[in-house]
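Per-chain numbering from 1; labels A, B, C and D assigned in written order.
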Amino acid sequence: MLPTSINAIEAYSGANGILKKVKKGSLLIDSSTIDPAVSKELAKEVEKMGAVFMDAPVSGGVGAARSRNLTFMVGGVEDEFAAAQELLGCMGSNVVYCGAVGTGQAAKICNNMLLAISMIGTAEAMNLGIRLGLDPKLLAKILNMSSGRCWSSDTYNPVPGVMDGVPSANNYQGGFGATLMAKDLGLAQDSATNTKSPILLGSLAHQIYRMMCAKGYSKKDFSSVFQFLREEETF
Amino acid sequence: MLPTSINAIEAYSGANGILKKVKKGSLLIDSSTIDPAVSKELAKEVEKMGAVFMDAPVSGGVGAARSRNLTFMVGGVEDEFAAAQELLGCMGSNVVYCGAVGTGQAAKICNNMLLAISMIGTAEAMNLGIRLGLDPKLLAKILNMSSGRCWSSDTYNPVPGVMDGVPSANNYQGGFGATLMAKDLGLAQDSATNTKSPILLGSLAHQIYRMMCAKGYSKKDFSSVFQFLREEETF
Amino acid sequence: MLPTSINAIEAYSGANGILKKVKKGSLLIDSSTIDPAVSKELAKEVEKMGAVFMDAPVSGGVGAARSRNLTFMVGGVEDEFAAAQELLGCMGSNVVYCGAVGTGQAAKICNNMLLAISMIGTAEAMNLGIRLGLDPKLLAKILNMSSGRCWSSDTYNPVPGVMDGVPSANNYQGGFGATLMAKDLGLAQDSATNTKSPILLGSLAHQIYRMMCAKGYSKKDFSSVFQFLREEETF
Amino acid sequence: MLPTSINAIEAYSGANGILKKVKKGSLLIDSSTIDPAVSKELAKEVEKMGAVFMDAPVSGGVGAARSRNLTFMVGGVEDEFAAAQELLGCMGSNVVYCGAVGTGQAAKICNNMLLAISMIGTAEAMNLGIRLGLDPKLLAKILNMSSGRCWSSDTYNPVPGVMDGVPSANNYQGGFGATLMAKDLGLAQDSATNTKSPILLGSLAHQIYRMMCAKGYSKKDFSSVFQFLREEETF
């Protein structure tokens, strides 16, 4: 599980890389969140060595890892999925087969892009509602029983005081850092450019997290976008 | 229940308007979705006549109306809410007190802005995933068990073939038209400008629905944004 | 010359407003930058009193005012333009007839929206180029001899050190404040919503200035958007 | 002069690529518009062979090529620039030294990103103004004497009927196709992601050209964004 596409390429194709020594018939599972195009490239190289490569990016944080509750999204040859599932099942309660190599990454990237959009949307809606005179807890309750409901509003609300046990209740410490979200949105952006898919909101969400990182929010949980938008005009 | 702020002002303050004849002690409930600033203005005028004004915009479509399952979001003097609830309860299963006059509108506007953002986000994520090789039903399933989950993905999925009984299963007929969504986003935009609240995604969502209306989608359900984004490059 | 639509309405229609006392045949020229729909409304009221109303918003700062170099964009009945021109010519070197009442506002709003977009675009392009290793002065020179050329790049460059005598050379003091730009973009937004015109970049520019105002830039010149985008990631 | 980064890599590093046979001391000039990071990579490989690589993307269309009026933006070792200039000067009247390898690309990409932003901004401002009742020629004249002035408004106006001899006067035929603009914006996007530079408007401009390509505008001149935004709501 490596931080970037470049690291993964180096680990496989570098001077002392896995490809130099891998035995035929080995099953190689990469849980990095990287560009699906890179996963496909690595799979080709691994296949030339007579081994098998699967991409299996992971979802869920430190807590989920401790309690074996991670989610793995797996891409690769379907015949090999059972073997991967056996191993990954030790760490994760959800091991989902997504299709050909690269689709594990694709599923992860699409989910996180939608997550970023919903989170910023929730932050904007909550902030607007508060300025229009609504009580934040009441507004969250209304959204959650209506069509605005989403994971960011009902499970991970970004407004301090609305929920307990989430980063917004703890000064946005812990959780999933804005930097990591910016990175995943960069991957979504690259994949969208490569496939010529329009992502108007996804692309703007990317830029918003990019700005947040440059303005002191890089290590705060990504739900701190509420705080970022919240600051008041002072004139 | 009138279509625009201008219609509501005319109905109250026009030459033959309600304000000319309203009796002292009357309870006036307006279920239009309009600018909360207008609701506040009307409430002041009504109060001068010795009557009471409440804003109570409604959520839910024709089906919900038939089965008395509408949601009413009510703003106004708290003492009068019981009276409003008695009446509105005949049509709606959820009658929620939101606070002072105008907060009913505020709740409705914030919900619909978040809905528009989540719907476009779902459409972008589903489209990107499909282009990256994922099966739409599988991708929807993964999103719905992950942090990308939202009403637009799990209850009203915009991709044909993923769910039954929703507008995307019926060529985007019925449902909540793109024009109506554009109108509600215009209200959100106005309220955000008035309160100096930044709504980056909300504002872009507004422009996207504005474009859709100009390109033949005005009468289709608002989930047709998937189709709008989906069209393929043909070169 | 009043700051907002509300002030202008009060000045004309208020308890002690101009409309109470205006003499028949008077020429009333309003140089406020306000909603063109309000200008049209005021013109109707003034006409009922037998007088004439023209909107004539102004462009150019304190320096231009001192040297009689202001630009006036005038909307109203064409027959009355000569009279307006005679008066306004004492303060401005450019007095442009734009068409019916409200078109002076329209011209001002459209210009300032394009200005805001070009300025943010210049700031983004300069910042990206600098990060890619280009010298700012050289990049500005290249843009100015190419198709990226605009007033913001060749006359009012937002990057400190590129030009003398502009706000970017003086810590963004003086000039046209970010708050005023946010206000004008709010008017553009309202006009676009009323006429159902899509303004994707204009709308996002509005939100960017809105955010800047909330983050300490409200009194800085609007070219400080370069500084706003420039701040470095620190991790 | 090759269309994409992949083509350039193949031409240099492919099985029959330039790198297989290049003689020591050769000067290799690449006029493709590609990712500056790829130019840098190719320069390293070329240097290993004892030769010199320069990136020199070009600006100006068929007309400029015929009349030797192209602009070349050149990146590479400064000592070699005189040699490059001698050759490129036969085709271009402007040969600009931009700095180290890759800065030619950087200058081209930044210019075209600003161009795309200004063009869309001009289209939005002209469309809004027309809907507010302004004559297009008059509005263009006002913008061009004011702070909204840009190359897209004064040299290449996107509104039919405003100028002669530009694509908007010829049904958007000829000129610089929307597909090519989408490609250049994709490069800007990649460079911005790599350098963590926020490009809010640049990124949205990218998505707008992406959508246009999917909706039948791919071969029209990029100024056809006016037509794309212009279509009227019909309800």
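As a convention for this text, contacts are C-beta pairs under 8 Å (C-beta built on N, C-alpha and C of every residue); 3 or more make two chains touch, one makes a residue touch a chain.
The UniProt protein names, listed by chain, are A, B, C, D = 3-hydroxyisobutyrate dehydrogenase, mitochondrial.
This is a predicted model, so every value here is computed, not measured.
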Common contacts of subunit A and subunit D, by label, are B, C
Which chain's centre, taken as the mean of its Cα atoms, is farthest from the centre of subunit A?
C
Subunit A and subunit B: spacing of chain centres that average the CA atoms, whole Å
29
Return the distance between the CA-based centres of subunit A and subunit C, expressed in whole Å.
41
Mind checking the centre-to-centre distance between subunit B and subunit C? Centres are C-alpha means, answer in whole Å.
33
Using the touch rule from the top of the page, what residues of subunit D touch 2 or more other chains?
196-200, 204, 211, 213-214, 229, 233
Would you tell me which residues of subunit A are touching subunit C in their complex?
179, 204, 211, 213-216, 218-219, 229, 231-235
Taking the touch rule as given, give the residues of subunit B at its contact with subunit A in the complex, in rising order.
36, 59, 71, 73, 94, 96, 98-100, 102-103, 106-107, 109-115, 117-118, 120-122, 124-129, 131-135, 138-139, 142-143, 145-153, 155-156, 188, 191-192, 195-202, 204-205, 208, 229, 233
Along subunit B, where are the residues that touch subunit C in the complex?
182, 186, 189-190, 193, 196-200, 203-204, 206-207, 210-211, 213-214
